[in-house]
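Have a look at these structures, which come just after this line.
Both of the next two complexes hold subunit A, though its partner changes from subunit B to subunit C.
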Partner chain A sequence: MRSLMILLFVILCSGCAEPQTVEDLGFIHSVGYDLNEAEDAVEEGVLVMTVAIPQITPTAEVDREVLTTIAHTSKQARAKMARKTDRILVSGQLRTALFGMNLAEIGFFDTIDTLKRDYTIGLNLKIIVVNGNSKELLLEDYPEHPRTSRYIFELIDKEAKSHVAVDTSLHQFMRDYYDDGIDPMVPVVKVGINEIIVDGIGLFDGDRMVMKVNPTDARTLTMLHGDYIGGDITKEIKLKEEEKRSYLYLTFSTIESKLKVKVKSPDKIDIHLDVKGSIDEYTGHLELSEDEVQKEIEKKLEQHIESVGESLIQEMQQNNTDSLGIGKFVRNSSKYKEWQEMNWKEEIYPLAKINVNANVKLKGFGGVK
Partner chain B sequence: MKEKLHYTQIAVIVYMIQSGVILFALPRLVAEAFGTNGWLGLVLTSGIVLVNIFLIVLVYNKGNGQSIFSILEASLPKWIYLPFYFLMVVNFSFIAVLIGKNYVLLIQTTIFPTVGANPFLIHFLITALFFVSKGIYNMGKITLVFFFLTIWTTFLLLLLLPEFSFQRMTPFIFQGASLSFEKSFEVYTAFVGFEIVLFLFPYVQNDRKFSKAVIFGHLFTTFIYLAFCFVAMGFYSFGQIKNILYPTQNLLKFMETPLIERIENIVFIVFFLKIIVTVAFYYWASVETAKRVLTKIKEKWLLLMIIVASFIFSFFFEIQREINEVLNIIVLGQVIFSFSFPVLLLLLLWIKNMKKKRGNKVA
Partner chain C sequence: MYYKKWEKQTKLKNVNREASIQETEQQNSTDENEEPTFEEVMKLFNDCDDLEHKTFSELGIDLIYFSPLVDDKKVEDEIINSIYSSTTEEVKSWVKKKDIPEATSIKDIKDEILSGSVGIFFENKTYYYNVYGPETRGIDKSETETVIVGAHDAFVEDITTNLSLVRRRVKSSNLKAVKLKVGEVTKTYVYVLYIDGIADSDMVSEMKERISKIEVDSVYDTNMLAQLIDEVPDSLFPQYYSTELPDVVRSKLVSGKMVVLLDTSPIAISAPSSFFEFIQSPDDYNQRWLLGTGLRILRAVAIFITLSFTAMYVAVITFHYEVLPEDLLITLAESRARVPFPPLIEALLMEVTIELLREAGARLPTKIGQTIGIVGGIVIGQAAVEAGLTSNILIIAVASSAIASFVLPNYNMSNSIRIVRFFLIILAGFSGIFGIVFGVALIAIHLASLTSLKTPYLIPMSPFYWKDWVDTFIRGPYWAMKHRPIQTKTDNTEVNKMKQ
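Moving on to the complex of A and B:
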């Protein structure tokens, strides 16, 4: 009897929780933030927020519901948007956060605050910059990809594997933001005709995006960032013995790259790359099985990687972004006091002499001679 | 043969009492207290605790395993030890209830924001009530079971290895933090709980393995703490870790398994088993002490009274900040207690021995 009473008591107590029915909830899948550039922005709110929620009502014609509003902060915007929908908006299923270019350029650390403060939001949330406007990207219909949120998510996931883009989670962004030896980098996408296109990698100085790397140079950038496998480089090349042809292209793929950084002094740094890969496509006539040809191709590729790498680094130095994390190597090779006093990123990095040295090796050239 | 606590049980009990909610904040605490590579600071802190444990073991050996109460009562007048007992009862039960409430509030803010904290706490205390009422031997067995139900969470750390980097850890040791007593003390409190073994003396097998078991339990706690802090410091950048309230919880938030995402919710609930052990043993120590004075009241009712009284006390503290303020004061008392009490006991034993010797000589 007594245990029954206790059981009853416990059950009654647990009844106090507010029930949440799945049908009544609007799981926000993607959120987009833009800067409100209208004249009355200061009064109305500087943030344009757009959310996409998968539609579950069986009778609804479209697969998703998109809400947009203007507000001062993210949570205020959520409250405003809640007035437009019959479902309770929750952020536990949030997978992608998109930032419009105008916001990314002035910095979005304040906006990200809510994402890390909210316990319900996971750390694997993808941070993506939209070259253009995130509101337009979310409002646009993509007939072949009805669920936009899922589409962006999978697109970035896949492209990051081939290193055309990077896959930056909220955690990784915050980690590199707070680290004094590296700056964050995030994938950039843009709206195409009935599709979303990966548009390279955005490099940051603190929370401001200051530089964009083209998809064609992205693989070289990731080589300089760390050890990754996969991806390819396509290059127009001129080989000595090849007859004069104007259209000679080569694709070098499934690359394995190993990075070694040697800090001679804080302003003199050597980057050494060991790259291995195979040729996937070649539009010339020479026989690739010949050692001489292979060696020449290796050399051309080395020159290509070195020149692209160095020009990328120069551009990064001009824009004062150290997304490659060279600062980490400098930090770890100096004494704590020296590092604190040198103000490496602002003073030394922009003028530092950074050399790229590549060593390319061809593993194979496919099934033909 | 009378039932006794096995030494593996002792080791597990020590570990289970020590590790608790503080594990969620520990990587940040060590970063704030010791700076870069702060996990090394845990080794130092653990060493200080070892000294304390050594004192306790010494009491056990010198007193030939007799209970601390009989040591006290044999050489001190009643008017000295009675108020002391009272303080112990109050301190232990308050620690118990505040640890419980702290956990409940954590769960509330992170998982169930709409549920009231007090109904939650009532559930919690009912479980604790049943736990303690089973008697110390069964508590030992339950703790062992709970140990196996919770220890797997440590292996989740392996999921983080791809994100781990020695580079991020930096080669600097103990830089970027001002060594303050307050912060280091907070790290020290992560180890508090081992002093409960003082009360276990009459219930353990009387062999030399007791001291080994206590030390082993403590070293195991140190190892678990080290593992979490080490991984956290290679996972987060130094600036970031100081900015996150509960880095360990965030570690769990990052983990993804093919079947389960957001694994931290499961781990949080599983952690309940760890917290309940801590709370139950503090209540148990409280009852053990109260029993010495209020001999006429049945143990069951004594336990109920203590739990209800402490629950009412916890009513005054509604939010985490308030609880932490009180808990800091009470835990400071506890740390002083766990250092000075064994010293006092050793002193009493020594005096008693001296008297005995002198008596022998005179005779």
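Moving on to the complex of A and C:
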């Protein structure tokens, strides 16, 4: 009897809990933020917000509902958008947040902050910068890829595995943003013809994107960032004994790369890379099984990684972004007080001497042409 | 707690009852003391037309017996043939030689005739000769508890056959079978079986006391008996393990438990019981121990699925859309978009339909029963979705929880769990996963508060007793099963050792 009373009590108490039945909800899957630059815009506001919601009415002709509006804050934008749809907008299924290039360049931390505060949004939300306009990206139809938001999500997920892009979650972004000695980096995409293309990696100074790394150099960048498995490097290569031919290319796939950072002094840093991999494709005519050829290839690859790495780091120093987290190594090797007094990123980092040393080891030469 | 309340009530009643018994005893005393005469016995069985009466007038012998209760062949061979064409002297010496017992009172002879004896009235003396042997069903396979590998024979309605099935398996003088009678009118035989030296004597006397205290006109089945002697009559869960298989009875006896058999019932109950016995099947013991363990874990998962699958559906659809993967959510929302009811009503509708199907299948003859499967499968399953009455994911949830409920080896427990599921669904519809958690907690509290013959129901989980875990979710290897369960309170804890 007593347990029945408790049962009744529970039902009565929670009777007022607001049900959110799935068919009444418009679960936002992608959200895009842009800076409102058009001066003659119909509505007032600085933020252009676009959301993509998967369609659930079986008879509807399009697979998604895209809403866009201009507002001062993202929550105001949501209220404005709610006026245009019959479904309750909820963000519990938000998977990707896209930021237009114009917004990324001036910084978008206040927007990220509201995403972080919303408890329904998971920390696995992907942060992506669009090279161009995120509103256009979401409004565009991609006939071969239904459900744009899912398309972007899967694209980034997959490409991050081969290190052409990085997979930056909201959690990682926040962590790198607040952490001392490291800056966030996020994947960059752009709109192609009927498709979305991964367009490298964007590096940040605080919440501003200041530099973009091309997809071809992306693997070298991730090598310098941490120990990752997989990913290709393709390079034009001319070996000594090779007869003169204009078309000599080699694709090297990394099996593993190991990063060692040696901080001699805060302004003198050695980065050592141990890369193991195999040759996937080679368009020359030499026998790859010969030791001499292998050694030469290893050497050429080492030079390539070193030169690309160093030029990337130089560019980063000029743009004052430390997405590789070199500052963390400096911090870890110095005392807390020293680090506090150092003002490393603003003063020392731009002028620091950072050396890249690569050691490539060929483990095999699988598919040989 | 409940048992005590019940005990108190019966005690109060007993005071009144004892007085009335004394009265009837006084009345009966005439029966008891009086020398039985043929005329008076015949008067007693007035209008019992199934009473057979044979007279051998030249010898002055009257035979009376109930022909439905006796073995006709035995009567013919052992009594009539001996008396037929004999002289008075020969009959006398036959009575002496055979040591045929003499009835001293009317009550005596009445009881004997009712339990299948032939009453022999000869020279003003009354003898009885037991030739009990009514028609019985042959030993058959169990219908409710099927075993794949292992003994297939199951109990039947006849107590003698059942006792022989058990005796055959436990060839020991220590197997005791105490005979009691229940039912004020029907006087049905109850046997309490236990192995002396293993079973706890206090428990045995407790059990005997409870059975002898039962005050009803009739006990129809062992499952009814179990309800009359358990501690929490209002609980949804069975507190004694019931089985149809003599093999299970043997294992219970050997582990130090008692088994109660009732005449006219093919079910045996064992006591004390723990919740974990209900997920065990004899098959587990016949498999390699790892496979047996796997099967038990599967059944435990089945309990969980039965309890919570539909409730989970209701909770997620109504409150927690966030927990679903996006692909599933879209399919769900698409199929839900056509359904006009709230998820709770939708789920209850389907659950009730499934229960109707199950009940109809159980009541119908096997030949028509198949039709139900087709009607249920096609009409309810497919058409309900197409008509937009339910979403197809719900059909999957309801069907899988129905299937999971049939995985449980014990029919009583499977029914209990199916009913509990409805509470959870309603709770989920009102307060989501919070409701489910609350409901499961209530069930856990209730189970923990249950007792079976004054021993905890959830032992060895609560109170925790790690040695017994080798035979709960785990069917441990035989080398590890060295102790009899603590629940039996036995002094003889070590297996393979018989204190004698």
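In this text, the second predicted complex is superposed on the first by the 350 of 369 C-alpha atoms of A that agree within 3 Å, B and C clash if a C-alpha of one lies under 4 Å from a C-alpha of the other, contacts with A are read in each partner's own complex, and residues count from 1 in each chain.
Here is the rule we go by: a contact is a pair of C-beta atoms (placed from the backbone, for glycine too) under 8 Å apart; a residue touches a chain by one contact, two chains touch by 3 or more.
Note that this is a predicted model, so its numbers are computed, not measured.
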So if we stack both complexes on subunit A, do subunit B and subunit C clash, or do they fit?
fit
According to the stated criteria, A:A79 is in contact with first (subunit B), second (subunit C), both, or neither; which is it?
neither
Scan A:H171 for contacts with subunit B and subunit C and give back first, second, both or neither.
first
Which partner does A:F27 reach: the first (subunit B), the second (subunit C), both, or neither?
second
Quick check on the superposed pair: does A:I6 touch subunit B, subunit C, both, or neither? Answer first, second, both or neither.
both
After lining up the shared chain so the two structures overlap, which partner does A:A38 touch, if you call subunit B first and subunit C second: first, second, both or neither?
neither
Based on the superposed arrangement, let me know which partner A:D180 touches: subunit B (first), subunit C (second), both, or neither?
first
Look at A:R95 in the shared chain and tell me whether it touches subunit B only, subunit C only, both, or neither; answer first, second, both or neither.
second
Output check: A:I56 vs subunit B and subunit C. Expected answer is one of first, second, both, neither. What do you get?
second
Taking the superposed arrangement, what is the smallest distance in Å from a C-alpha atom of subunit B to one of subunit C?
6
Shared contact residues on subunit A, subunit B side and subunit C side combined as an intersection?
6, 10, 14, 17, 92, 122
Under the stated contact criterion, what part of subunit A meets subunit B in this complex?
6, 10, 13-14, 16-18, 92, 119, 122-124, 169, 171, 174-180, 182, 325, 328-329, 331-332, 336
Would you mind writing out the residues of subunit B in touch with subunit A in their complex?
36, 109-112, 114-116, 119, 122-123, 126, 167-168, 170-172, 175-176, 235-240, 243, 250, 253-254, 256, 261-262
Mind pulling up the subunit C residues that touch subunit A in the complex?
317-319, 321-322, 326, 329-330, 332-334, 336-339, 342-343, 423, 426-427, 430-432, 434-435, 438, 442, 445-446
What residues on subunit A touch subunit C, complex-wise?
3, 6-7, 10-11, 14-15, 17, 19-23, 25, 27, 29, 54, 56-58, 90, 92-93, 95, 120, 122, 150
